[in-house]
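So the structure is just underneath, and the comments pick up after that.
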Amino acid sequence: MREEQLKPDNAAVPAQKGWLERKENVTKIAWALYVVCAILVLLDFLIHRHAEMGFDGNFGFYGAYGFIGSVFLVLVAKYGLRPIVKRSEDYYDD
Amino acid sequence: MMRDTIILRVVTKLLLPVILIFALYVQFHGDYGPGGGFQAGVAAAAAIILYGMVFGIPAAQHVISKSVVQIMIPLGVLIFAGTGVAGLLLGENYLNYSPFGSHSEAGQHLGILIVEAGVFITVASTMLAIFYGFGGLADEADAAAAEKSEESEE
Amino acid sequence: MIEFPPGLILILGALPVPFLRGPVRTIWMLALPVAAFVLLYSLPEGNHFAISAFGQQLELLRVDGLSKVFGYIFLIAIFLGVIYSLHVRAIEEHVSGLVYSGAAIGAVFAGDLVSLFVYWELTAISSVFLILASRTPEALAAGMRYLIIQVGSGVLLLAGLIMIWHETGSIAFEHIGIESVGGVLILLAFGIKAAFPLLHNWLQDAYPQATPTGTVLLSAFTTKLAIYALARGYAGTEELIWIGAVMAAFPIFFAVIENDLRRVLAYSLNNQLGFMVVGIGIGTELALNGAAAHAFAHIIYKALLFMSMGAVLHRTGTVLASELGGLYKSMPFTTVFCIIGAASISAFPLFSGFISKSMILSAAAHEGHYFVWGVLLFASAGVFHHSGIKIPFFAFFAHDSGKRPKEAPLNMLIAMALASALCIGIGVWPSALYAILPFHVDYVPYTDSHVLSQVQLLFFSALAFTVLMRTGLYPPELRSTNLDSDWLYRRVGRSILQYCVQTVGSMHSGIYDLVVRRCKRFVEQLYRHHGPHGIIARTWPTGSMVLWVAILLVTYLALYFIDIF
Amino acid sequence: MIAAHLPALQVVIPLIAAPLCAILRRGTAAWVIAVAANWLAFAVSIGLLFRVLDEGVISYAMGGWAPPIGIEYRVDLINVFVLLVVSGVGAAIIPFARKGTEARFDSTNQAWFYTMYLLALTGLLGVTITGDAFNIFVFLEISSLASYVMIAMGRDKRALTAAYQYLIMGTVGATFIVIGIGLLWAMTGTLNLYDLAQRIPDIENTRPVLAALAFLTVGISLKLALFPLHLWLPNAYAYAPAVTSAFLAGTATKVGIYLLLRFFFTVFGGGGFFLSTPLPEMFLVLSIVAIFAASTVALFQNNVKRMFAYSSVAQIGFITLGISYATETGLTAALVHLMNHAIMKAGIFMLLGCVIYRLASMRIDDMAGIGRKMPFTMAGIVILGLSLIGAPGTSGFISKFWLVLAAMENGQWWLVALIVIASLITMLYVGRLVEAAYFREPSEKAKNVREAPLAMLIPAYVLVAATIYLGLDTTWSAGLAQDAAASLLSAAY
């Protein structure tokens, strides 16, 4: 049953790279993201925030939290967790 | 097989009716004294078995064939059980024979007689079945011959 | 009005499925959840269907706000699941899928612990076929581990319910609490199914091994049934807040380094359950509404994500991030649907996750659980990171893997489209969902301050991803096995022996031999006595049988006579 | 009018049908009679149940001779429960018997087989219904003799040895029972069970009475195959024709258990006497050993029929375990399991009969891959196997549930753990069969088999359905059993 469904279709890899794969386009997207982030932080000035706990009303709190949290997450996962738990793919097989 | 022993054969022939009459005596005396269908059945079967031992199993089976024996066994049981049901159908408890006669004693008497007859048939035929069964084993050739004669009869 | 348990409609309706063919089967299987849905919609609150057994009333149809909302979403999930799996020819998948969903729905409407238990075990037994249907040795092994753990959960539930029955004389399934031993046992039983930390690994172990269609169904029912049960029995239990916070936070670390994308989804499933568990632990009306709403929204978007990964697996045969990439070119629709699912789980405004997750966060803030609130916020950023970005990015974009699979089959696309429509619909008109929640809602998700906060959080999380990718700090996708707590039982035995090697050194071989020899000898002994030719299994000579009779007779005589003197 | 005679009819119907079969000597006609008789007997026991529920204990004087002089048939809740099980299981089995016997015997021998079947049924029903101790012995012999023949008719040559061993052991058991009854008669001067129950309490500590108890205990233990007197059972079940195995597994040992309850709790005066003897401890130990030893043996068996035969020994252990508590819950558990196990084991042996019918082998290796070839047969076995394990939704769960409840009432938590472990062992041996049937490539033999004929499947599925039904609605199992257990404990008769 499953074998039939699993025909990977590897034919015809196009020679030319798609729009998204070209390096200059990726850079453009990254820059767009930077700009959006900047605008979002600046919006803090315009929109009055009704802070529930006090500290979450500070300027740029959510942005900083998101950024630092994510970096922390990835770095801990990469340098903290992976060395401990990573095993070869067929670890349980032998 | 004792075909050559003439004394045995003659005596056996003389004894047979006596044994059978004794069996019937025991059978019908069962109401009043020691006796009854069980003992009578064994006695009657003994007559046939004696006959078979002296004159050979085929001869005995000529008198009462295997298939008759096989029918007699369940028939006796049926008579026994059926009598009880007859009591049931006549409105009394199972095995209550009182309604068979004009008064309860007569009914019970008749009922017992029929039941005993059933027991007689079953016991006698069972004894014979056992005898035929083992006799057949002892003398395969005779059994085969008996079967043949039985078939030719039919 | 017909008052019949909707779960039984699905279970009984599954029975004729093996005998149906072609379009008749399709229509039949689609009609079942629809019929059950209509029936459920028409039912007023109250207990409607009782049978008596064990000298107790078994309430099979307790309808109230909480059970109704879970009933609705389960029926929606099985409806989507049926559409998604229409192309599958293996009949056992269809049957077990329907029975499984029926059992889950039955459990939701169970008004007493005994019938809850029966359905609880039925979900375990019926769902394992969705895993076994993969027919790979890994799936077989994982399925067996799954079954043992799930049945174990049922055994705990049984033990707990008997104790509670004994103490209170009632088997009604109401608030249980952890004051009694039975209550703790039942909490453990629920906790296994809800994938509490350290009890969670069956989820990541088994779900990625199921068939593409099986995982979609698995993701919907088992864990959410546990969430329902927790909300019913343990609302307001303080400990759950902390358990939930740990649950929300720790799986995302694993998700970041995991290569198998369906396993990434399994980790994020675990993380989302954490939010709901926190909501239940807080136990206020807002929090419970939030937990129910989040379960509702979550089932749809998680199913959507698993559907999109299932489509990829169906077409390419793999969901390893290291093998995929660039699929957006040939599977554009799947890509779009996956992104919608990703946006929903990440709680982008206008998507379903936003309006439910924020209820739980607000409830945590209202009750002053600031630290937990912080953890959940971190988890929100993290879930965006691995589910919102990682899944679509590595599967459909990233470096071109050169694979050009066909677009997913039509029925899969329809199912994904419906799920996507629901994700967006709930996000845009939350009042529809709020209307069916167990308690009255006066919560407004769309304030400009709230929207801005969420968008900032998510965009800066994306920023972090971009920066880490561009600086090369992001951990590369590697083919690997990442240990989880299942390591405890899958490897610990041998590891203890290896530990002996290192510490005891020369003693090792002695100990090892001893242990192995003991075990071997035990089995040999067992076999010698109980095996086909063993002394206990042998056909004994008649004489020795009679000897036993004599021995027993003497024993009994002696025992009886002793009493006289 | 008929209602008044139901107790007699219960035994008379199969008794009359048996010789009819033998006289007709035609397989088909005999089968029709057997089916009719068995179904009528089932109807009669249902009628009896309603009468007992209505008016309490029924006493029927055979031949109009009032007890204790005459033979009395005495029906109370416990009897009628067992009558229901015996005639009900028989009623499901007998339609099934047609195909298997037709394939194996010529017409005359088929008729003999049904005759023997009906006699065995008569005997078992008679043992259960009669209120007379000597009558018990007579009916016990009728049923035993008939079952020896039924076992000896098995296809395997070893069936003869098995029947012979069963004959020896069965005769020893019957002799012990008759010795016990004789001693009781010598001490009390009555054979009527009700009368015995009145007179024994005054003399219960005299030596002859205790000796009688010992003989009865051992004799009955042999009949119900309580460990270590079970040795005749595995071969007898394994090598007999499938119909015989199904019938005996479903009824014969169950009637043995009924006798045990009747003598210990009714005749010897209720739970108090039972508890004052060392019987509870003895039964507890023997039951646990039976459960574990037999289950473990079952685990290693290669012959599937033998595996389930050993499983029967283990399941009987569960029943006697319930009896050993001598509490209302414990006895309820025993009675419930008596009914449930009768139904599920009969069903399993019937479905195994379907397998033999097509596959002509019982080896587990030959059964590899049979799940795809005979889907309904194997599905039925799986459902009944789940019930054997005690999975919820099946009747086996109800049995285990009551047993666990009884153990907890006594505060024996370790026993609860043992029961769970025993269920796990059951899961393993049932799992072995499932693994072979579903997850292995079909064996050479299994490649060419088809699904069994409907005439065999439908009767088996009646029992499968009953197993599921009794797992959901326990009015007729646990509900009745609870009342019966209460009357046992109070020695009401």
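Every chain is named by a letter (A, B, C and D) in the order it is written, and numbering of its residues begins at 1.
Here, contacts are C-beta pairs under 8 Å (C-beta built on N, C-alpha and C of every residue); 3 or more make two chains touch, one makes a residue touch a chain.
Please read these numbers as outputs of a predicted model, since none were measured by experiment.
Engineer: Please state whether A-C or B-D has more C-beta contact pairs across its interface.
Structural biologist: Top pair by contacting C-beta pairs is A-C.
Engineer: Rounded to the nearest whole Å, what is the centre-to-centre distance of chain A and chain D, using the mean of the C-alpha atoms as each centre?
Structural biologist: The separation of the two C-alpha centroids amounts to 68 Å.
Engineer: Averaging over Cα atoms per chain, report the distance between chain B and chain C in Å.
Structural biologist: 77
Engineer: From the mean C-alpha coordinate of chain A to that of chain C, what's the distance rounded to whole Å?
Structural biologist: Here chain A and chain C have centroids separated by 26 Å.
Engineer: For chain B and chain D, what's the span in angstrom between their mean Cα positions?
Structural biologist: That pair's centroid distance is 36 Å.
Engineer: Any chance you could list the residues of chain C touching two or more other chains?
Structural biologist: none
Engineer: Please classify the inter-chain touch graph. Allowed labels: line, ring, star, complete, other.
Structural biologist: The chain contacts form an open line.
Engineer: Among the chains present, which pairs are found to touch?
Structural biologist: A-C, B-D, C-D
Engineer: Using the touch rule from the top, collect the residues of chain A that touch chain C in their complex.
Structural biologist: For chain A paired with chain C, touching residues are 1-2, 5-13, 17-18, 20-21, 30, 33-34, 36-37, 40-41, 43-44, 47-50, 52-53, 56, 60, 62-71, 73-78, 80-82, 84-92.
Engineer: Report the residues of chain D in contact with chain B in the complex, numbered from low to high.
Structural biologist: Within the complex, chain D contacts chain B at residues 1, 5, 8-9, 12, 15-16, 18-23, 25, 60-64, 115.
Engineer: In their shared complex, at which residues does chain C touch chain A?
Structural biologist: My answer: residues 88-90, 134-135, 211, 252-254, 256-257, 314-318, 326, 328-330, 362, 365-366, 370, 373, 377-378, 381-382, 385, 397, 399-400, 402-406, 447-449, 452-468, 470, 473-475, 478-484, 490-491.
Engineer: Note which residues of chain D are touching chain C in the complex, please.
Structural biologist: That would be residues 161, 164-165, 168-169, 172-173, 176, 205, 207, 210-211, 213-215, 217-218, 221-222, 228-229, 231-232, 234-235, 276-278, 282, 293, 296-297, 299-303, 310, 391-393, 398, 401, 404-405, 408, 420, 439, 472-475, 478-479, 482 of chain D.
Engineer: What does chain C use to touch chain D in their complex?
Structural biologist: Per the touch definition, chain C meets chain D at residues 51-55, 117-118, 121-122, 125, 140, 154-155, 162, 166, 526-527, 530-532, 534, 536-537, 539-540, 542, 545-546, 548-549, 552-553, 555-557, 559-564.
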